Amino acid sequence: MSILIPILVLTGVGVVAGLALAFFSRVFYVPEDPRVDQLEEALPGANCGACGFAGCRDYAKGLVARNGDVPPCPVGGQSTAEKVAAILGIAVSDVEEKVALVRCAGTRDRAAARGSMVGVRDCAAAALLGGPKSCRFGCMGLGDCGTVCPTKAITVYGGGVAVVDPALCIGCGLCVSKCPIDCIEMVPKGRRVHVLCNSRDPALVTRAACKVGCIACNLCTKKDPSFVVASNVAAFTGTTCDPEFCFACPNDVIVHTDRYEVLAFIESEEARTDYEAEKNEFKEKEKAARAAARPAREPKNAGGQP
Amino acid sequence: MELLLLAINAMLIGNLILSKFLGICPFLGVSRRLSTALGMSMAVLFVMVLASTVTWTLFYTLLRPLHLEYLRTILFILVIASLVQLVEMVMQKLSPALYEALGIYLPLITTNCAILGVAIDSIDKGYDFLHMIVYAFFGAVGFALALLLFAGIRERLETADMPKSFQGAASSLIVAGILSLAFMGFSGLVPG
Amino acid sequence: MTTHANPFPGGIHPAYHKDLTRGCETVSMPVPKILVIPMSQHLGAPAKVLVKKGDLVKAGQMIAEPGGFISAAVHASSSGKVTAIGPVELPNGSMGEAVTIETDGAHEWEKMEPIQNPFAADPKVLVERVKAAGIVGMGGATFPTHVKLTPPADSPVDWVMLNGAECEPYLTADHRVMLERADRIALGVKLIRHIMGVSKVSIGIEGNKADAIEVLKKAAGDLAEVVELPVKYPQGSEKQLIFAITGRRVPPKKLPSAVGVTVFNVATVVAIADAVIDGMPLVERVVTVTGSGVNKPGNFRVPVGTRVMDLMEFAGGYGDDAEQMILGGPMMGRAAASDNVPIIKGVGGVLVLTAADMKNTDFGVCIRCGRCLRACPNAQNPMLLGQLIEKGLFSRIDEEKLREIVLDDCFECGSCTFVCPNRRPLVQFFQMAKGYYRSQQKRKG
Amino acid sequence: MEPRTFTVAFAPHVHDGSSATRIMWTVFLTLLPAAAVSVYAFGLDALRVLALTTALSVGMEALALVMMKRDPRACLDGSAALTGFLLGLTLPAGISNGILVVGAFVAIIVAKQVFGGLGHNPFNPALTSRVFLLIAFPKQLTTWPVPRGLQDIQEFMGLAVTRTNDAVTSATPLAAIKEHAQRAMPNIQLNDLFFGVHTPGSIGEISALALLVGAAFLLYKRIITWHIPAATLLTVAVFGALTHLVNPARYADPFFHLFAGGLFIGAFFMATDFVTAPVWPMGKIIYGVGIGLLTMLIRLWGGYPEGISFAILLMNAVTPLLDRYTVPTPFGSRAAPKKTGGES
């Protein structure tokens, strides 16, 4: 009998509390979509903010609120997009995975310096003073991009130019927004050919500032229409091209990543020597082909292949 | 005068966080921003006064007459848990931003030992209803004071070049330790 | 008339070094072989080029027209042939389009028609003339003057102020203008009174230019009161000047016209008078060449577009240990990377410092000494803001509304950085933060 | 003439020449008079304590900097030396060397370098350490040697000395008052408190005069502002006067409270520590008033005879809040423009 009283007391209080809570949960009911939690689960969870939302949960809410009508998560790529689409019950849109590319090869020995700077420790500050190089579009090499990179994919090597390691890059795009001179571009992951110059100055100015600047000579566009020249600088829009086309560039601005990693192309002396040798070979071949073609009165050599 | 002394005692000398070391979880958890610390303080203030009132009443109307004093811990926990659920619902409805900011720490008030501590303490010390209210209220104010001071310091430490190993909880605990040292100065201020 | 001046909060007392050039009469510099005339010498849209490569131009010929409402015309400073039109490095370190003229040495003029009897003329005609003459604020802000002369109807101006404070250390260009062209200033005041229809004109001059105060008092007579200002940097900043003379406080983020005041630099007023009376556009200005790194400090009347290297050659060259070249004063002027940059309308000084004079730029942490807070003329919080920007805690800045309260109103006078015992580059931090917010805005809109 | 290039830096290009290091060493120098008095009063023991705390602190700082892979030369920037010196000044002269090592460790490592070093410590390192020692070693920290004049030094120099006073320790005036209330008063001369050569106490606190000399220099150099010391001293005086008026038999008069104990060194040298004090004038005044109130609260009714260290430490914790909520209005926003044309 005596054991019953405490049991009753506890049960009674519990029932009262339970009923009160049930009542109040009606009064203060706030609807919440369970899909938000599912979506958050499906997202990479890097909370990098590259999508424009403040973290993955925010992005999930945005997805739910606009029923998927927001830019895809740049980090998660195709697989995440599929999961998101499954949860939301919408069709999968194709996501192009991208990686960052620093469009500059103007290392210290190639790009002219511009005065000496003191008291400057990062790109944002240096940009206010006009930058350490004569070229105002080139990488300043002070590494702001590297500090924001969540995967430490960007390093400034000895030459004073930041280089992205495509293997580490998750394509979040934070470096692009950080770079004060817009020297970094997101390029499709599969692209093999890159124009490593960002100078939108006219040819004369670019040439005075840097040995490896794009002077918009249009020689590359003649080789392959995937090259386009706009605002005084060339860009490659396709996926790949004949590696030899790159040798057409008089200032060695174009790299084919099947032949040379971007890093080696910019930093390694050896790769440079190899490149020079190959380029000379290519030029010889082209000259020979032209000589061979001339008697036949062919108007044009199609693409420099023998 | 006696109530004033009790208030000072509850707020400063016997500060829940800094001299009784109760409620450390929210103290470390929601002290990163002043605004959330303020919200947490308010929630704790509300729950603490309410919980103390309810538990005190239950104790003296139900347990004492039935000689079930030994049930108080489990009963108090039950009551506090329900109250926290209630606060959570109210807050989610009325202030979603604060609800988001407090996050997991809001339900954790349930296990905030400060609440249970105050409820049991006021029984142990044999306070009457008025003293119990004053004790709970100023105990919560002391909790809020410590939390706000701490949040201010942590906001300031955001700009500090702390060594990696001390960032976060490590330095927070050291700050809490020093604060606690400083609160030792109040010892002996009020006898009892 | 009263000469009482209200001291503004904060401010600093740097070493002025004005004795170097205070007594140097202005020397006119002959036209150099090459003139590089940028299209963007003013605040607002760049001017639109009217000439082509190979054109022959005369001195005073308009070579570019205003590119928008807030913009100004640009004129050739001498006669010669246009040899290039393209981007060059500007004094502020950026690149901008410029017309390069190879001068012929004849210096043939093509002036505008002088306006006869200007005080009977319609003020609109006079404003048109100021616009056609390409006049901009010559104190450094380079705001187009014709815009200032026509305040919008909803904020009428009842008090015009002439800024002769010249609070920047080293510079004496305005001082010399006041001494040598006091009559022109008086004439300019008369014109402004006519154009704007105001009766109250004050000329504010810092107390360390007693001779200029004397001369202007005599020249201005009843046209304007001359107010002796306390010697304190940044006394020449608009808001501080207005407070000193009128006691009116310009609210944060507002223009002086919000309290019914407009401020003109003294040199600008001379340019207005020159344009109306002589029909002469703004093609030259007085520049102080000074500092420990020059051989012969002095004041020079320089054609706009003269490259600094040409000016320095004429002025006596650099000392052996010249290390830093600053266009403008040492507080707000910009260090140029090379002297192959043109003198433009807003550059009042070329200051060359030796390594010994240069500030050590190694900076340390904030020790919260509070000197910057006491130096800030806007009573703001450079300390916390600097720390937050250094750590990139922009969310905190937004949260505490520091951007609205502090950053938007900071005019980068440099007082905080001047007094910081750990030499923290606070102004640089603020510029970075402003850049950050600008880029944020761009991304949003 | 060929174009030439120059060094580029940020505006402003000139500087007033001040430096944090110089400020630190200036504060250090202004403490020397007080140190000199205590060496006179307590003999070589005081010198030992001061030299040891200073040297140990600089050593700890160097150690911490090396461990954090920062430039260890920064240990000579004066801040560590100042912290050590201040710590020494708050300790009794006869304290043992072991405690000094612990003190320097707490001050430099725990209270300062853990938070990133100079500029970031939320609490005054010297006071944190003192309070820590007071709680950890209550006996040693409250054993006050009686000043012995120059005996020590005379002895050291081989001069003839007649030892007149062999009672080595005694209570401080504040402790005496606490224990015996007003009955202790006749034995305590305000003169002694002011000049300090005869009263027991911690090394730095005994002579109000010497501290005032140093403080006057700091104020003249504008290294510290008047707000904090003035607010603190005034609060203590007013509070002391009020309580004295209410019950003269129990509470000492305000002058006693002003000159006794560590109020002067606290108000002028500890509370004004840049890093841990509020920056705005209004905040400084609230901070000073708070220190004064808490000091008196602890002195009159608390468990400890002296409360200034606790008071400053407690108010240090309030500093971030004061900094945030006492910001003055920016120039121009206070007064509405006289002309309202175009104003929204």
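When the chains are written out, they are named A, B, C and D in that same order, and each has its own residue count from 1.
Operating definition for what follows: a residue touches a chain if its C-beta (ideal position, glycine included) is under 8 Å from a C-beta of that chain, and two chains touch if they have at least 3 such contacts.
On a predicted model such as this, the values are computed, not experimentally measured, just so you know.
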Set of chains adjacent to subunit C and to subunit D: A, B
Would you mind checking which pair of chains has the most C-beta pairs in contact? C-D
Maximum distance between Cα centroids and subunit C occurs for chain B
Per the C-alpha centroid definition, the whole-Å distance linking subunit A and subunit D comes out as 55
Just give me the whole-number Å value for how far the CA centre of subunit B lies from that of subunit C. 59
Between subunit A and subunit C, what is the separation of their C-alpha centroids in Å? 42
CA centre of subunit B versus CA centre of subunit D: separation in Å? 33
Could you pull out the residues of subunit C that touch at least 2 other chains? 93, 335-338, 361, 365, 425, 428
Two-or-more-chain contact residues of subunit A, please, as numbers and ranges. 114-115, 118-119, 125, 128-130
Quick check on subunit D: which residues sit in contact with 2+ other chains? 5-10, 116-117, 119-120, 323-324
Pick one for the touching-chains graph, please: line, ring, star, complete, other. complete
Partner subunit A, residues of subunit D touching it in the complex: 5-10
Mind pulling up the subunit B residues that touch subunit D in the complex? 34, 148-150, 152-153, 155-157, 159-163, 166, 170-171, 174-175, 178-179, 181-190
So in the complex, the part of subunit B that touches subunit A is made up of which residues? 58, 62-63, 66, 68, 71, 74-75, 78-79, 82, 85-86, 89-90, 92-94, 96
Of all residues in subunit D, those that touch subunit B in their complex: 68, 110-111, 113-117, 119-120, 122-123, 128, 131-132, 135, 294, 297-298, 301-304, 307, 309-311, 313-314, 316-321, 323-324
Which part of subunit D faces subunit C closely enough to touch in the complex? 1-16, 18-20, 22-23, 79, 116-120, 223, 225, 274-275, 277, 279-280, 323-324, 327-335, 337-339, 341-343
